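Please see the structure below; I have some questions.
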Amino acid sequence: MTTTLHTAALDDLIGDIVLHHRPRHESGTVPRNIPFLAEVPFDRFGIAVATTSGDVFSSGDADVPFSIQSISKVFTLAMALQGTRTGRLWSRVLREPSGTSFNSLVQLEAEQGIPRNPFINAGALVVTDHLMEETPDAAARLLRFLTEQAGNQEGDGGRQGPVIDEAAAASELASSSRNLALAHFLKDFGNLTQAAGAVVENYVRQCSIMMSCVQLAKAGLFLANDGQGTAGTVLSRNEAKRVGSIMLTCGMYDAAGEFAYRVGLPGKSGVGGGILAIVPGHCAICVWSPRLDAKGNSLAGTAALADLSDRTGWSVF
Amino acid sequence: MTTTLHTAALDDLIGDIVLHHRPRHESGTVPRNIPFLAEVPFDRFGIAVATTSGDVFSSGDADVPFSIQSISKVFTLAMALQGTRTGRLWSRVLREPSGTSFNSLVQLEAEQGIPRNPFINAGALVVTDHLMEETPDAAARLLRFLTEQAGNQEGDGGRQGPVIDEAAAASELASSSRNLALAHFLKDFGNLTQAAGAVVENYVRQCSIMMSCVQLAKAGLFLANDGQGTAGTVLSRNEAKRVGSIMLTCGMYDAAGEFAYRVGLPGKSGVGGGILAIVPGHCAICVWSPRLDAKGNSLAGTAALADLSDRTGWSVF
Amino acid sequence: MTTTLHTAALDDLIGDIVLHHRPRHESGTVPRNIPFLAEVPFDRFGIAVATTSGDVFSSGDADVPFSIQSISKVFTLAMALQGTRTGRLWSRVLREPSGTSFNSLVQLEAEQGIPRNPFINAGALVVTDHLMEETPDAAARLLRFLTEQAGNQEGDGGRQGPVIDEAAAASELASSSRNLALAHFLKDFGNLTQAAGAVVENYVRQCSIMMSCVQLAKAGLFLANDGQGTAGTVLSRNEAKRVGSIMLTCGMYDAAGEFAYRVGLPGKSGVGGGILAIVPGHCAICVWSPRLDAKGNSLAGTAALADLSDRTGWSVF
Amino acid sequence: MTTTLHTAALDDLIGDIVLHHRPRHESGTVPRNIPFLAEVPFDRFGIAVATTSGDVFSSGDADVPFSIQSISKVFTLAMALQGTRTGRLWSRVLREPSGTSFNSLVQLEAEQGIPRNPFINAGALVVTDHLMEETPDAAARLLRFLTEQAGNQEGDGGRQGPVIDEAAAASELASSSRNLALAHFLKDFGNLTQAAGAVVENYVRQCSIMMSCVQLAKAGLFLANDGQGTAGTVLSRNEAKRVGSIMLTCGMYDAAGEFAYRVGLPGKSGVGGGILAIVPGHCAICVWSPRLDAKGNSLAGTAALADLSDRTGWSVF
């Protein structure tokens, strides 16, 4: 299945990945409803690999913070699975691929308010609502978790750890009509306990966390390492594997199957251009490049991961 | 990720799986439209494991032939991928989970006649049509392929190899209105080159092939073994992995996500009660028990695979 | 097509309709999300007929105010058509039957935020938004219009004219998650200019207007009288006819076809149990009985109108 | 509601309608799956009016036979309603507008094989199946009915009555994949008693009947005349009105609401370019012009009927 590479080889390889995949011309799109994401220069490209042996390799813009957007959903799910009420969580959200757009209301209506999985927007709103039942400021709790796992960047000479970009959150919130529609719809079906507006606000603040590739790879390491994070146990071995399974079947919006086919690794993307991918037992990888394909996944990031998988043999299949 | 078990341990383990999972009382359902499947006694249960080191372990009713039904879709896809026209194939069928029932026409209408993946009925009809363009009797070609890979059963004293149950096929064909609707619908969208009736007939005959757990595990070994089958190379390493990825995201009808979550292995089920699962690099597993859950997957078979995964640590995540 | 009845005959007839159709046992349902409507005794039944010759006939609980709910949509549409911006209105909402539930989001997603007609909730929200562009308190304007047309009740000894039940509106607003979802969804598609919350609030207040059968029959008379209301011209002859056509094709939620089949008259129902029906050239009829059928239309009211249509020959067909 | 015109005035009027509405340039479309309809010159335009007083007025190409296509559905429904098994018919098909395309399978799946109304293809297949239970060659029975009602054309010097264009039917049958899909789908839901292929063949032959505007207006007169046809009673007064109600709510494919709004009359169109419209108590109108709008209704025909309605005041509202 997977192959261990020598340290030097991996360092060379990801340098080469940056050389080959950093965009030279603008292509792809930016999200229509999040204006500030359009301002990020198209040629940003970073990659970081955090291994289970404790090493971190990085290249390109791997220390530049970007908006993690939906990658946050992996961590809020993990936080929810740390609790004792997971039975209740799984009664409120399924674990199946959706087959429709990430923010569609159609399936939600057909299935009476039970979202298909925790990684479509409706499902993530339910997870946020679930967390808010115990911790009203779930976004702040998420930030603490990520800071704990990601730490300060190596040799960054004072550069910041993860932070919520509150101005970006406010801007995104002002054009969150679709998410508000989803939240009120969930409420109508009795699948939201907190106020719809509050849940959307908290959700948007989670999405607005700024992190670098290096930080995200470190924060996601527990998914490759039997639940053991850089700062202690995050989940049991079984729960960590199960988050991986949801990433593989549901992590790339409506292109999960294509990503599994081309890359063969559990992954979760965000419309900020980041993708977190997991090589079970070996490493967590984060790539970032801001322009997106038609499904909302990073164009250059997806291509880079496919190339990396081909060249390393990293694949779960 | 995965753990190699000693031979003796594996032999004991699958014996224990049979003891614990063979149904004692009837529960679950039989397919409404395939009468002869209802006649199989509810307490049949078999399991076989074919390893990449060449061993075959089996227990319970592992030598009893059953109707492979949709498990055939894995092998027709593999046969299609052996050809030189794979580009054309992938222009006619996607590789995404469907999010809807395996025989739904809705998504097909929304997506203008391009099936979501090769494992829903519409997609399998397209694969069959693709094969029939070169080999009009694609079912006979499939039978030859399976016979070559599965061989004669060890020590079976004259028991048969794979065979098409033509009487069962004729019976199933008589109640194939839904598949005929799908085929004519595909034809209407220009995504079927052969006559709709002929494609459905050939498809039903593929589904009506009778094989045992032992035979299916051997026939599926190439998927665990970098494309190397019991009778030579079936697919390249990459193509074999990619079939695995489609099994994981699309192989269990509308319960692919749940199966990935509970079992963590690429699998493909059939309404005859069989499930083929793959442990990449290690083995192919076939379990069989004829009563089904609400999604059409073997009740006892799914539970047995989840148990086996827990006890062996076999999981791709 | 229609038959003019003598005054005495009509008086007797509607008395007889009350005798035969006033519910003796509770059957039917009340709206799940509007608690105060459940408190209205099940055996209320009223009917009023306002003729183009200026007479008003009534029987039963014809002077008891009830919540007009969606019948308000006829009048807000008429008010919108009085304006000069009807071209813009019809670019924002279609005039086709929906074929789905009155509060479904599915069709809205498929058709990119353009509601099927002004009588489903999404369409009525757009009409309210359109009115609010000129008159922020559109509900108050509607109340003035209805008061002007309905006047004070004949011989009611001080009983009130139309009034907004603000307590009921507040109660209904507290469980308006579905309408809020629709409004935010419209906003997401750019088909709402005012704030989503404000539009829903105004819409709910329109629905919470209390009127009697007599008042509603008088207020709706212009639809039977070439646009001439009890208090002057409301619409042109053509516009009045066109409102009637929308009532016939879209006025009874998802049972418009069945109502046209059984009754043969343009009608608009509300979940408060009222139905306004139009006999073009002759009269406007309002029946009221609070318990509803599965589609949300008054059980006894629909039966009474079918009976009345059979006995008078009133039908547009 | 409606206005009686003097004979001379009506004669002049329909002559003027032809002058103004006969297409001068080609616009609109022809059905993609019925090649022979594309061969009819774009500038054909005919109109005929058959009155309840026994007169027939006509102008333009009113004596040229054309393919009646879906207008046949009005007459097969009427024939089905003549029988004694109408209760069974209405248990197999609803009477509601569909809100979707005339040949959609989606709604049929959602509603478990019960078509929305008799005028969408799925519903017409059920009506044909219902007729075939008693009269295997339902198309021949339809032809006899139409010939009886339409008679020989006035002063046509030997021109033919209604006839099935068997060559056209065969051609259309060869590209009837969608209708075959619908029929097999109905069969799968148990809502078809005859063989799917036979029902589609009979249905296509009904659609392939050739008639002129004059013949169709005469054949449809019973719908304007309380059920009394040119050759005796066709339906009871009530049943005739009810067919009219279904025409108004469901007769113009997915543009029924728009047609009711613009024209205000019950109508049924066919992709051959014909439209049959009813002025209850006064007359049946048939217009024909072969090029279609996006919804499949005759472009010039619809415009002509809207104009005629405006100029005569003919409207049921």
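As written, the chain order gives the labels A, B, C and D, with residue 1 at the start of each chain.
In this text, a residue touches a chain if its C-beta (ideal position, glycine included) is under 8 Å from a C-beta of that chain, and two chains touch if they have at least 3 such contacts.
None of these values were measured; they are calculated from a predicted model.
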Most distant chain from chain A, judged by the mean position of its C-alpha atoms: D
Centre-to-centre distance between chain D and chain B (centres being mean Cα positions), rounded to whole Å: 49
Approximate Å spacing (C-alpha centroids) for the pair chain A, chain D: 56
Touching two or more other chains - residue numbers and ranges from chain A: none
Pairwise touch network: line, ring, star, complete, or other: ring
Pairs of chains found to touch, sorted by chain label: A-B, A-C, B-D, C-D
Chain D residues touching chain C - in the complex, by the definition given at the top: 1-2, 94-100, 107, 116-117, 238, 240-242, 244-246, 248-250, 254-258, 260-261, 264, 266, 278, 280-281, 310, 315-317
Complex contacts: residues of chain D adjacent to chain B: 104-106, 109-110, 177-178, 180-185, 187-188, 196
